[in-house]
Structures are given as structure tokens and as C-alpha cells.
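The following block contains the structure, expressed as C-alpha cells.
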């Protein structure tokens, strides 16, 4: 007598069409031109990058566009030692919260061109772009961040962003 | 607030990596039947059913309360399904309690579950949505930078996390429902386990479990007829804040602090660490214990780690935390929050078996979710007021 | 029970496909309008609860980014159901009944055009024995329509008349999507889409959002000229097993109506969440609605059907008529699940 059936595999395929939304569209078009665009909240005056079209704190629409530098400060980070399903980078690698100069909110990105055990809070970094001819409307134009030859930012300078 | 509400029945499944012996319906029914048996009730005596679970992509079933209506005896009854990310097990219990507190129903069955072995939770958590930034590090990778920040701010010793994991894993040995059971668990074993996202090691991380938790919540009148001692819901609170905004403190989130403050106020508690006898809190990665000790006001900011170090949070400490083994030992995501709420209830009912904290009369159940942004908490007591 | 009333309602214009704006951008003006119209300052609103579905949005935790539309700072008391906003409305009503809060914001959103709704809804079915058969939501509804016609109680013409009336009514609804003058006879000459359903018997695919604010007694009386009192509200679910149900009837709707006190008194209008034309016939019968009741003056779900929003919209549309003084007593209904498996009924009344 054969084994009772304990489970079945029922593959499902669903297709979805996504819209970037107005704010992301502006940001991604900026990306395709090698520019990092943020938006400033009219109420609290903070600059969001990537912009979301609204300030999550104030619940109002954001429109004022600010161009942001590709240089920033590592506020905090982690060393990833297990492979991630969606990433081609080999572990161990450092992933960090980076506060770009001019922005008020850090975002998460890879750190490369630096031994992972030398990544530290306050480290100054800069964006490394893909070759210009490969630019598309995508975050992926910025491949990763690498250390800048600048002194670390003092803790006071970024501690409120931790 | 409103009418009194009590937990008169608790049930849960043996949490496993894969429950191949039951369907999703079988899984929830197992927990629900145990809760009903504990409450001394038959299915038809329940007035309403409130189900909670995390994203449907974890099982691949859209709005599963529809499919589960028969299995949970809900035909002809009101049925709701709550989804508040990781805190869902807790918020589900709160929604169920409010049905009794509002005087709408006398007996409510609430069930939270996850049978994440049926789909691919890792995929569901990291699925790349077009136009959004690719996730670079997985769930642990999201939280470990925050833990690094906590360590920097507090000066906590590097092995604090290991001590938390050791405690929770030792406690799990006293909980027959635990998924992860390491009979010979030791400090060295945890310290030597592979580092996943610095500073979180493999044995400091929660598992991915199939499991369900159920409770029967009842009015005062219905509680009087219950066979076992009820756990009275003394206060509930829920607070949310945005995932990301300029200046957000993700290590000691305002929403968590506000939620705890509101909870204590409602329960008439002014010194939580002294007045609470036991706490079941949501610790998916070891370091969340010291962080939540501070967020919950049990320790001053920067000193939560001392409670772990001093043994205050151990089973024989002055405020045992996660006597059940916690999320580190069993983590059916949608149910984990309700397990905290249910274990708190078991404690004050004197029904926690081998992991019972002696004389527990007032307990905290805590759940959080999302980017440390959704909080659901309750306080249960052996007395009604 | 406390007196609780709807004090404001707002909705986005339903669109076949919103390409420009993402969910937050669609939702934010709607939430802002509902709050502004309520007369209650945003930070005084005691509780916020929303309804949405990850599988409609094509991503897990869809409700989390939607929270950005609300501005949850300082932290708010907030919850979410993975259901139509009508059930979030129910959760909010219960919260007010506990006495913990005096007001609540309810909202829901759905960009139905992102996926294939008929295929997405297939995944609501029993994952082991029914979903793998591949039956989509339209075919399932067609099965129900076939049973209804075979019962002899209704005809295809009755279905066509529901559609014609809905489209006509939608002409005065600036938020509706399908509107115009069509007559039953010409509708009947259209080919079958999923027999016996014709394309027009099925709901449109709509992107939309809706929000409303409810408040308890004294607060409602203070802020609204014509508060819309929720005199009764209840919801019930039936068996998931399609073979166990009489798909030509809706006992859960009847039961919910009874419990909501909808059997007593007359209604001037009823907003019924009937995504398929034959379902309106089933619902009217279950509710015992006579000829004097205006059904779906908004055009109903046949005129605009944003998934997870259409139920809340029925409640809002019914409330709006009372808010504007056009009616005094209305019934609103919302449904969830295959072939009307779960139904919510509420009775709304002006002063």
C-alpha cells in the first residue's frame, strides 16, 4: 500500500503591474540622469530621500525638490554573513544606514571597497555609480558606497538620526 | 474599559518547522479545540470568531478566514480577520477583547496562526517590489544595525544577547509546545554558533514555525461559569508610528513608550517593574530583551541590559521575562503575539505548568511588528480589578 | 449601546487604471478630506483602522506604507483588517462602543488594476481542494447566476435591468466609473462573457480609496449638522463549502439584517454591495426590500468596484445621502468572499 498523500504542490502565478507613483517617478528619472533627488516637507522642513510624495510624520504632500549630494555618513550598519536570496554580493559584507549630506533620513545601502571589519559609525562615504551608459530609471544606478578620504563625522553630528 | 473581559480558555499547538500532519484548518482547529476544552465550552456556545495572521503570502491563501469559517465553527456567526504585521497576534486578542468590552458578545474565540511552511516566508518578506529599493539584508539585517546603535548608546557588554538567548532557550525546555528544544544548551554553544548579521548569531535568532494559538474571551457572567480560574483583562493598548521619518528613534520607539504608558495608566500601575510579576514580550532577536526593558519602562534608558545581567529577567528573577521560551523558541509569525498574550494569561491563572512563575498575579503580554512601529500590549490579572 | 454616527465621508474618483499615483498618493487627499469634513482635528481622532488586501496590492504589508497617508505622528492607536473597509468600519464602531475613544477614522484602498482580480480571488478558495481547480471569481459568480436562473425566480432580463438602472443612477455620481443610458433590451443582445453572465453583469475593475469618520453621541452632535446614526450593525459568515450552500439565497445577509434591526421600519434607500448583477437580486430578496426602496442610487459596485473599498463605499454613499439631508433612513451592505459568503448589514438614520 502506498503512502498517504500528506501535501500537494500547487504553483500559483500572478502578474502585477506596478506604478512608481509621482514622487518615485521624479526620483527615478533623476537617477537616470545621475542625480539624487529628495523632497522637503513644507511643514517640518525635513528632506526625504528617496522622496515619497508625502511626509510620513506630518501626513502632508511634499513637492519641493532638493538635489542631494552623493556623499554621506554611516550612522549605523551591520555585517551580513549569510547570503540573501535577492542579492549577488558574496557575504560577509557590510550594509549600512547612510545619511547623505543634505538629507534628514538615512537609507540602507551596501558598503564595498572597504574591509567589512573597518566599517564604522561616522565613516564618511560616497556613492559609486554604475557606468553612465548603464543608467536606467533605477536605484541600482548606485552600485554601492565606498569610504571617502575624510575624517569620520563626530557622533554628535549624526546621533539624532540613529 | 467598558465591560469586564476575561480569558477563560487557552490553547496552542506544538510548534514545529513543518506540521505535515495537519492542513491549515487542522492546525487552527487543534489550538481552538484546546482553548474550548480549557473553557469547558462547545463550539456552538461561541458568539464570534476573530482570526489574526501575518501576510497571506506566507501560506498563499487570500483572506483565509473565508476558508476557515467551517473549521472554526464560525458559520452563522460574525468573523473578522486582523492583520497588523508582527504585532497581529496581540492586536487580534485586543480586537476580540473589545467585542466583549463593548458588550456586543459574551464569548469570543480568537485564533492566531501561521503555517508558513506552506509557502515561502523568506521570499514573501524580501520580495522585490518594482521601483522600490532592493532589500539588501533580510529581516535580521534590518534590525541588527539598530542593535548596534543600542550597544553604542548603552555601552552594554557584547555578550548580553547571548545571555538572553541562553535564558529563553533554557526556559523553552519547560514548555512542551516549544519548537526549538536544545536540552544541552550552553553559553558556549550560542557564542560559537554562526554569526548571521553582526552581532546576531544563529542561536540568538527566532525560528520559522508552523503553529497556532487560541483563546476564549468571555464576559464576567460567562467567566463565572468557567471551570478554571480566569485571567482578567485589566488593560489593552495599541500604538503605531510611521516606518520611517526624519529623526525617528527605532531603538526606543515612541510608539512603544506611549503604548506602555497608556497601558499602565489604564491598569492603574505606577511602578511597572515592581507591580508586574511576569512579562511575555516579543523578542525575535536576543538583543530586543534589553531594548524592550527600557522601552517598557522597566529600566532607565541605557540600563535595560543590566536586568539581563543581574538575572532579573530569569525565571527566578524579580521580573521573569519569557518564561515560555518566547519568540526565540517558537515563531509562527502570525501567532507569536497572541502566544505572548496567552502565556501571560496562563501565568496569572496558575496554569503555566513547568514554567509557572510562582504567585504570578499580574502579567504583561507584549507584541510588536513592522519596523518596530506597531505595538499591541495587554495586562492580565488574577483579580478582576 | 452608545450612540455612534458617521460624520463625514470622502472617496477618490474610481478609475479603470491609475497609472500616475501610488496608493499613498491616491489615499492621502481622501483621508484629508474626510478628516476636514468631520470637523474633528486630526490629532483628536481617537482610533484609526483600515482595510486592504496584500494580494490586491501585489506586496505583503501593503497597509504599512498606506499609513504614510495618515501622518501617524505622534503615535496613534491604529489597527487594520485584511478585509473590505466595511469590516474596518465595524471594528471602529466596536471600539467606540467600549467607551475607550470617542471618534475614529476608517479608510480603505485598492488598486484592483494592478493584478487580475478574478485570478487573485481564486486564492480565497480552499487551497487543497478547490483553488487548484483553477476556478476564477467570474466563473464562480456565473455558476451562482446559472443556479439562480434555473430556480425560475429571476430571468436574464431582471439582471439586465439591474445593470441598466445602475448605469443610469451612476450618471449623477461624479465618483463612479461606468455610467450612461442603456436599456435592458440592448444589454441582452450582448454576447455572453462567462455564461450566463455578460460583461456588463460583472463589476468593472477600479482603482480607488474611501474614508469616513465616526464619532460618539456628544461629539457627533457637536460637529455634524446631520449626524448619520448607526442604529444597528451586524455581520455573518456562511460555510466556505460552495456545495453546502444554497447559492441562490443569502441567509447570512438575512441574519445580519435581523440582528442589525433592519427588519423594523422602512428604508428610503439601500446601498448594496453586489459586484454581479444577479447578486443584487439575491440580496434584495434576503433583505425583504420592497418596491419603495431606491437601490444603489450611487450606481453600486456595477458602476465602480475597487476591491476592499466597494463595501465601505456603500456605507459612505448611504451616509452621504443622509448627511446632505436627502434621506432619513438607509440600509448599507457589504460582502466578502466567493458568491456572497460573508455579509455585513447596517442601518443608518438621520435625526
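Each chain gets a letter, A, B and C, in the order it is written, and its residues are counted from 1.
We take it that contacts are C-beta pairs under 8 Å (C-beta built on N, C-alpha and C of every residue); 3 or more make two chains touch, one makes a residue touch a chain.
Treat the numbers as computed from the prediction; the structure is a model and nothing was measured.
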(message) On the document's contact criterion, could you list the chains that touch chain A and likewise touch chain C?
(response) B
(message) Looking only at C-beta pairs that count as contacts, which pair of chains has more of them, A-B or B-C?
(response) B-C
(message) Using mean CA coordinates as chain centres, what's the gap between chain A and chain C in Å?
(response) 38
(message) Can you compute the centre-to-centre distance for chain B and chain C, using the mean CA position of each chain? Integer Å is fine.
(response) 33
(request) Scan chain C for residues touching two or more other chains and write them down. (result) 55, 58, 67-68, 71-73, 120, 123, 127-128, 131
(message) Two-or-more-chain contact residues of chain B, please, as numbers and ranges.
(response) 60, 129, 242-243, 245
(message) Residues touching two or more other chains, restricted to chain A: which are they?
(response) 10, 12, 18-21, 24, 55-57
(request) Could you pull out which chain B residues touch chain A in their complex? (result) 20-21, 60, 122-123, 126, 128-138, 141-142, 144-149, 152-153, 194-198, 242-249, 251
(message) Give the list of chain A residues in touch with chain B in this complex.
(response) 6-7, 10, 12, 18-21, 24, 28, 44, 46-48, 50, 55-57, 75-82, 84-87, 95-97, 104-105, 107-110, 121, 139-140, 160-162
(request) Would you mind writing out the residues of chain B in touch with chain C in their complex? (result) 1-2, 23-24, 55-63, 65-70, 74-85, 91, 94-95, 98-99, 101-104, 118, 124-125, 127, 129, 237-243, 245, 253-255, 258-259, 370, 373-374
(request) Over in the complex, which chain C residues touch chain A? Could you list them? (result) 18-25, 28, 31-32, 42, 55, 58, 67-73, 111, 113-116, 119-120, 123, 127-128, 131-132
(message) Taking the touch rule as given, give the residues of chain C at its contact with chain B in the complex, in rising order.
(response) 1, 53-55, 58-61, 63-65, 67-68, 71-83, 87, 90-91, 94-95, 97-100, 120-121, 123-128, 131, 234-241, 252, 255, 336-338, 341-342
